[in-house]
Amino acid sequence: MTSPELEAIRQRLPGWLKASSPCSDRGKVASYIPELSKAPHDALGITLLSAQGESVTAGDCGLRFTMQSISKVFTLILALMDNGEETVFGKVGMEPTGDNFNSMLKLELVRPGIPFNPMINAGAITVSSLIRGNSPYEKSGRILQFLKELSGNADLEYDMGVYRSESDTGNLNRSIAFFLKENGVLGGDVEEVLEVYFRHCSIVVDCADLARMGLVLACSGLDPLTGQTLIPRRYVQIAKTFMTTCGMYNASGEFAIQVGLPAKSGVSGGILTFVPGRYGIGVVGPALNDKGNSYAGVHLLQALSREMDWSMF
Amino acid sequence: MTSPELEAIRQRLPGWLKASSPCSDRGKVASYIPELSKAPHDALGITLLSAQGESVTAGDCGLRFTMQSISKVFTLILALMDNGEETVFGKVGMEPTGDNFNSMLKLELVRPGIPFNPMINAGAITVSSLIRGNSPYEKSGRILQFLKELSGNADLEYDMGVYRSESDTGNLNRSIAFFLKENGVLGGDVEEVLEVYFRHCSIVVDCADLARMGLVLACSGLDPLTGQTLIPRRYVQIAKTFMTTCGMYNASGEFAIQVGLPAKSGVSGGILTFVPGRYGIGVVGPALNDKGNSYAGVHLLQALSREMDWSMF
Amino acid sequence: MTSPELEAIRQRLPGWLKASSPCSDRGKVASYIPELSKAPHDALGITLLSAQGESVTAGDCGLRFTMQSISKVFTLILALMDNGEETVFGKVGMEPTGDNFNSMLKLELVRPGIPFNPMINAGAITVSSLIRGNSPYEKSGRILQFLKELSGNADLEYDMGVYRSESDTGNLNRSIAFFLKENGVLGGDVEEVLEVYFRHCSIVVDCADLARMGLVLACSGLDPLTGQTLIPRRYVQIAKTFMTTCGMYNASGEFAIQVGLPAKSGVSGGILTFVPGRYGIGVVGPALNDKGNSYAGVHLLQALSREMDWSMF
Amino acid sequence: MTSPELEAIRQRLPGWLKASSPCSDRGKVASYIPELSKAPHDALGITLLSAQGESVTAGDCGLRFTMQSISKVFTLILALMDNGEETVFGKVGMEPTGDNFNSMLKLELVRPGIPFNPMINAGAITVSSLIRGNSPYEKSGRILQFLKELSGNADLEYDMGVYRSESDTGNLNRSIAFFLKENGVLGGDVEEVLEVYFRHCSIVVDCADLARMGLVLACSGLDPLTGQTLIPRRYVQIAKTFMTTCGMYNASGEFAIQVGLPAKSGVSGGILTFVPGRYGIGVVGPALNDKGNSYAGVHLLQALSREMDWSMF
């Protein structure tokens, strides 16, 4: 039996989706690699999954896309589980930057030259270097396995075309990585670290996968559908804080005010968010606004949060 | 009758305060004006006020100090009440900056050249310009009156020595204000805007005043002790978001992770924070860490939040 | 009797001017104050004055315009004559910046926070504060008198309309000045310093005036037409160096490579330059390129320098 | 028969050298790689070579050191000879930066994202990529051959220990190179470009070698000792301009004012400079000032230039 709230959502969601969909017209699909540019410009899909295992979907929720920056949340969590807080936060800070996600300004301007937070590229590359494993292959395998558990989807795989394109054209990330190496932040071989990084960005998901991962975060690390604790509560708390303060690139502050839920977006148009204790949510809408977030996706989440009064603030 | 939680706090607070107090040794009292440098270096005080009107205090909670940046929260709220969201956010952004609170870098580097958020000086000066009133005198009067209502303390007044010193030495704020005027962000006479700004920074409070103001925010704008709604809920939500993402200068991200409560600090060593729905909290500890927050005060709030499991994340 | 070189110039100059003139089409007349925007867009004029007192002119050399930044060269020289090198270079640096002439970035980013050089606004405002005199009136009077001597034109005067407009709208310069005051670079009253600064920017000249001033620099401080030494040789040397390394805003490097003469431009479209030992040159062409220099004026000087092989490099 | 000027220099040079030598006490030998840190801290040597082939030496002029940034002057010239002005200046600008030689700020902040000039690392790496040749080996060989001709020293060779260390630790240069590749400035393989760059920085010279190379520049590209034209005059002019505006890192403006000669310094403590038409000069003094130039070397050149009245300004 569906909860009354979920039932209300089910009935009203198609309308909200319809109202948000035209936003895509103003957005642009990422095109820095050909693989991303093929995404359907006007698509918009959403999946909500409740702690009781009920789901509501609308629109193009079956669309498959790469996780991109959304994966940063989970590599952070895995790095914390592998190393503890002290080690991780010795290498990456806790502060929002106000700069672009791929900016190097603060690495040069602000001592001690560690990345400001794990959600910007510099921070996420650093985090990738902290994943335990004897080889890029093993590290990547552990990340993929972790995401399979969180999503309950044993079939998660890389999009190797996206991976290779990202790797081939990822010169700005190489530049960042060598700068981090110069600063003593990054140990090991730069190309090996980047392989891990590019790989986890290339994992393919759909809205249901994101919703399930989000639900685990919503439930403080417990998968309510299996009863298993997959993440220590403290690390969920940390991830949740970063998602709130810097999960939506340079529109994180606005998202906090207008939506008020922890979230992480990716350049593929995906957004993972959740309502603490209640729902995991996956959204996809490939047309991006000028901050790099799904134009229609953000609009849809604003409507949902406002109508359901979900802001955590 | 005291609640069990408050009773537990009452018993353990002296111990936590004693453990936090030595942090002051590593801090520095603000000394850019003589009036601030006279504050007692080792002082540490705290007042908690519950929605039921019970309070717990410890240490130097009777110490009086100027609000400084803490006042930015309330001028933002008043500006929102005076102008609505659209007008206010046409002049000031919603994003954390990662720069110093008095930095001008992003005003020059990032178009459209409006302050990134209302908690940095550029933003707060802009907000001061939006307070309704026919003169600086009237505007300042309205702010003071608003704070009297929120604190339930009709005796709130300016420290005119601090005000004059801030005004005399406030050349960086003048520089910021003229830059904002150049950018078309600031209307009206710069010196008049700064008068309003310097005045609200100079309002004298103690921990009990902050706790009471914080309690109103904790109760979404309702003063639970009088039953009066003093602030529309939406504006509390906005203020709360800014306190979370940028209330503690460039240590806001860390505070969110380590304490997890909305808060705003001032250079006088004061911190206003609250536990949503439950407590308003005022803290003072004049010795500041290198981010400009009370060294001992932050330490004490970490202990409290961790022990009581108060993080909102 | 005219020198053969001058005779050659006289014959070919109209052709070069005709070839440079269309450049104005791509330029824009400064319009930040109405007074400047009235300048004739297509005008282009030049006056060369030899050490023997012969002059060659072409085009709109009779056009009158305000000195604007060109005056910075002479206030620097006067400040050096008033205070000596040590005092002046304790307050202002010697290095090109690569930033815009009105940028404040390096004041904030680079310690000790003094302006990088006297040709950018921050530096020139600082220099204005170092001119001897008991009042802005007296200081301005000394600058004007100095320029009358250098130009041999006792009728030089301010354009009071320009002065008032600059003063009314000069909020960015006010911002810079207060920042300098905060940094301890600027003493005295900010508005009084700015009055001196805005006034010397507003002195009206024509190409002949600039050529005569330039000739004194070309002759190391001696006015060859009167036999009087007006500037100590060392201070001419300093001014000449700054004109070479930072006289043409952010196109100084390119100008050094393409023209190779010490020069200073102004936003009114004027350029003062000289051929060491031989000629003073004044140019005017109000349509500016995107670096703020006269589009046609720079083109004309390139032709002249290339054809006459005048580069000092 | 020695010229009277050279004779005067010969007699007074030991005294000036003695007076400059103690400056080394305040300086620091570069230590970012072990090979450089072994240089003798107190050494100071100088060689002057006249267009008539007479030389004057003093101090440790026999000390051998790597060219480091001094080589940037000659790779620029070779790149111009290989490609012409248009191609080279399509990839690298002509302006001083005011930032550190290894800064990446302007690559990110200023469009179109090409290096500001060929004397900073970003510019010199770009220039290295423009040297003609089918392989790094061939390119490096052409540069070495060019320097052998200019120095008249067929024995010039790399210090392979320095080369390998620079290559092993050159992560900041790698970061810069990948950023340039991202910006479309750098073609080809990054590691191959860097190999060329690191190699030419590692060529070993002494003061006599620098003096001879400087003499060719002083004579506008003609080697007066052989009568051969080694560089087209126009490219010497360009190099000379860059040496004047940005040859001494962020002290180029001060050097222009205090010495007034075109010069290029290296982190090994070498300085190549020249008196146009008359002398080539090589200096070495490994202890560097905080701008990265030889402390004693700059002091010695100031004395020489002032006493002999050599400033070109």
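Note that the chains take the letters A, B, C and D in the order they are written out, and that residue 1 is the start of every chain.
We adopt the following convention: contacts are C-beta pairs under 8 Å (C-beta built on N, C-alpha and C of every residue); 3 or more make two chains touch, one makes a residue touch a chain.
Keep in mind the model is a prediction, meaning the values are calculated, not measured.
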For chain A and chain C, the contact-path distance works out to 2
For chain A superposed on chain B via Cα atoms, how large is the rotation, as a multiple of 5°? 180
Between chain B and chain C, two touching copies, which fits better, same or different residues at the interface, with half of the numbers shared as the threshold? same
So which chain is farthest from chain B, going by the mean of the CA atoms in each chain? D
Give, as an integer number of Å, the spacing between the C-alpha centres of chain B and chain A. 32
Please compute the C-alpha centroid of chain A, do the same for chain D, then give the distance between them in whole Å. 48
In whole angstrom, what separates the CA-based centres of chain B and chain D? 55
Sites on chain C at which at least two other chains make contact: 109
Who touches whom among the chains? A-B, A-D, B-C, C-D
Name, in rising order, each residue of chain C that touches chain D in their complex. 93-99, 106, 110, 116-117, 237-238, 240-242, 244-246, 250-254, 256-257, 260, 262, 311-313
Which residues, counting only chain C, touch chain B once they are in their complex? 103-105, 108-109, 171-172, 174-179, 181-182, 190
